[in-house]
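Labels for the chains are A, B, C and D, by order of writing; each one numbers its residues from 1.
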Amino acid sequence: MTVSLNPDTNPDVHPDARTVEHTGRGPLDRDELAALVARDIPPGSFVNLGIGQPTTVADHLPAGSGVILHTENGMLGMGPAAHGDEIDPDLTNAGKMPVTELPGASYFHHADSFAMMRGGHLDVCVLGAYQVSERGDLANWHTGAPDAIPAVGGAMDLAIGAKNVFVMMTLFARDGTPKLVPECTYPLTGLACVSRLYTDRAIFHLGPDGVTVAETYGTTVEELASRLDVTLRTLGGREDAG
Amino acid sequence: MTLVTADPGAAVAGIADGSTVLIGGFGMAGMPVTLIDALIRQGATDLTVVSNNAGNGDTGLAALLAAGRVRKMICSFPRQSDSWVFDSLYREGRIELELVPQGNLAERMRAAGAGIGAFYSPTGVGTPLAEGKETRTIDGRDHVLEYPIKGDVALIRAHVGDRMGNLVYRKTARNFGPVMATAATTTIAEVHRVVEVGELDPETVVTPCVYVDRILDLSAAEVSA
Amino acid sequence: MTVSLNPDTNPDVHPDARTVEHTGRGPLDRDELAALVARDIPPGSFVNLGIGQPTTVADHLPAGSGVILHTENGMLGMGPAAHGDEIDPDLTNAGKMPVTELPGASYFHHADSFAMMRGGHLDVCVLGAYQVSERGDLANWHTGAPDAIPAVGGAMDLAIGAKNVFVMMTLFARDGTPKLVPECTYPLTGLACVSRLYTDRAIFHLGPDGVTVAETYGTTVEELASRLDVTLRTLGGREDAG
Amino acid sequence: MTLVTADPGAAVAGIADGSTVLIGGFGMAGMPVTLIDALIRQGATDLTVVSNNAGNGDTGLAALLAAGRVRKMICSFPRQSDSWVFDSLYREGRIELELVPQGNLAERMRAAGAGIGAFYSPTGVGTPLAEGKETRTIDGRDHVLEYPIKGDVALIRAHVGDRMGNLVYRKTARNFGPVMATAATTTIAEVHRVVEVGELDPETVVTPCVYVDRILDLSAAEVSA
């Protein structure tokens, strides 16, 4: 089954889309960011949410969206986090947190679960990142620090397997260094795989044409351009939403 | 979202001329006869059909062949006691045949569904069916490089489906259905019965709903003669 | 799980085994041949019986042998042929004949079924043949006749997948031509894969040492040697069973 | 024939030093803790362990690591909030680590069980985890050649087993169990309950008995403290 990304925010299907600058407010907080990701997941999609912040996107999916969550440890139809008596050690998500089962769920083993991911059957996955390059290269599994213990999990499989890879991260590191970069300096997870980048300051579309700013939050395209070392395009035009 | 319909015509709508169609079944067990009949009425032609056999008797796949809609068969075992339709077409040079060992046939479709680019198979080494194929010795054993077989459409038969598209099968009629469901862009399943979401035990679902685009409910279908 | 072949007829584990010549009788009929194959299948084996004559081996497996039959169309624990009310179009064997299900059976799809075969998990498969070469090459899927419609099914997968490949055939074609040959002239099914050859005139072990005659029926090793164009070894010694 | 035992020591008897041991579980879900404890008592050492994680807390796989029995871990995700045992061993240089993307880990074990010599995987292309590996462009997409991971032994946990060795699992504790069962020479499963032959529905068996050599019946096991 194929679903299409939200046409309102998809320049491929909405040629009149304009870049929107939200200048009358500050950057997005984590909750607002998760809500924006959720907004862009089409109804009925099959979706994998990565460990950590991406997991919170589930809380913002509207009731009746028909979105079906996949967890790499062998389940479609995953429900919300389990609490109290619901907690079952045999039912966890990819982050090993107890979760619940929704009607219409199914269980399968790990090779079948990753066949589903790698075979291109999931519509969207949402991942965190250390860095994303302007070509859509993703670095999210290893800081490359010599004393760090590397762990990759299913990140590389999701990066190349899902039809659309959404990344959530802050646009700048704590020291102000941009995390949207010309070339990743951290070890790579996948090449040219990120299609959407959701950050606290802006939402970017990534593709063969490079980096397009879809929306800004508490900043402008100009300001971003001055702080990022990548070429920024805008949608057909620009609009200040205040 | 999975389309659930009682109309065989709606179930097979849009299948294009020249499509590669994966058709489930091992002989008649698991063969989606109602979908095939609908495909014959729908009219798509110049098809490449991937199925274990090349039709039995005069119904199902044999009827599709008899209607002249199939340019090429990819299968493991065309010659059977009741494969007279295929036999004549083949002898008259009116159909192409690609013969694939049954395990390679199943595994090549699995590879298509699982995103595997190609795999080294131990089957067929040194035989005419490996001629012209790349080989490699791995761990002292010879292997043949085999590529995925991907379908534009899969037509399969399952036992019960729910409204989300989850499927369970029955006995050896399961055969190629679950594999083909993963290997096609659009998977269409005919089922004996459709149940509400939540009625299938999640532990026993064989084909998860992500693989199923349309379900034809045979219990409700108006099957034309 | 690994089972061992019958030590009484396995020269690898029974160095005192002797070639037995049954000269006081005629060749084996099809039923006797099937019984001898059944005799050599160790209790508890997982076994695939090919289409046609090999299917009849099941009728000769003793009750309580614990042999579990695999059918390539997705089942372990296949029972005898179905009759009358037992017939279920959804339950057939590899020859598409109606069969039954035994307690402890399981069903699986085709890729899993062939993974089981090709991964070396079946102890024995029994196949028919047009020809077997002295190296154990098998030809059983195609006569090579220009007007024949080729059909291979699972033969090539079984030939390379089962731990032990037993072949059942007549030793000579109707015109007297031997079917145990120096080199197969028919299109091959698999290379060096046959370990035991059961014929109406003799039972042969095939392996790296060539062809060893284990038993003869209605003939002698000498007579066979004169009619076959392959070198015949005998077990440690020879014994005339009359 | 499958051995069914209530004695954890009998279940793990004969595992040799230097073995490659596949250990099921995703975190603690599906981890065969009783078999691992028995393996610690059994004493086999110099092991290569293949498991998704590298131990949680101080029990199960973490305890095996703490006992100094593991020379090398092959896993996808060693670093967790509660992986302190592995973390110290690794930082002290007392354990080798082969990091494998989770999908390649699962598929490489499937390949071992399915007789696939090697396969081209789309995962990891252009990353440090593909360094030194053969690559090939197939259909415009780059792939990395990956080889099977075969175990001498698999230790897994299932939910219910029958006396022939057929297994069913429970929820996401299924995870690696069915794949590892196919990939090892000897597969040993601990199950919560053993039932008589015929009590499991043949349609719902996940691991057919051909893959299971020994079953430890936890409901009857005398587990030492």
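Methods note: a contact is a pair of C-beta atoms (placed from the backbone, for glycine too) under 8 Å apart; a residue touches a chain by one contact, two chains touch by 3 or more.
Because the structure is a prediction, the values reported are computed rather than measured.
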*Those chains which touch chain B and also touch chain A*: D
*How far is the middle of chain B from the middle of chain C, if each middle is the mean of its Cα atoms, in Å?*
31
*Calculate how many whole Å lie between the centre of chain A and the centre of chain C, each centre taken as the average of the chain's C-alpha atoms.*
56
_Residues of chain B whose C-beta touches two or more other chains_ = 107, 110, 114-116, 121-122, 169-171, 202-203
*Which residues of chain C are in contact with two or more other chains?*
75, 101, 107-108, 114-115, 117-118, 160-161
*Make each chain a node and each touching pair an edge, then name the shape: line, ring, star, complete, other.*
other
*Among the chains present, which pairs are found to touch?*
A-B, A-D, B-C, B-D, C-D
_Complex contact set, residues of chain C against chain B_ = 71-75, 88-92, 96, 101, 107-111, 113-115, 117-118, 137, 142, 147-157, 160-161, 187-191
*Touching residues (chain side chain B, partner chain A) in the complex*: 1-2, 110, 112-116, 162, 164, 166, 182, 185, 197-198, 200, 202-203, 205, 208-213
*Which of the residues in chain D come into contact with chain B in the complex?*
107, 111, 114-122, 136, 138-139, 141, 143, 147, 168-171, 201-204
_Looking at the complex, which residues from chain A come into contact with chain B?_
1-2, 43-44, 46, 66, 68, 70, 75-77, 101, 103-108, 114-122, 161
*Of all residues in chain D, those that touch chain A in their complex*: 26-30, 52, 56, 76-80, 83, 86-87, 90-91, 97, 99-107, 109-110, 121-129, 142, 169-179, 206
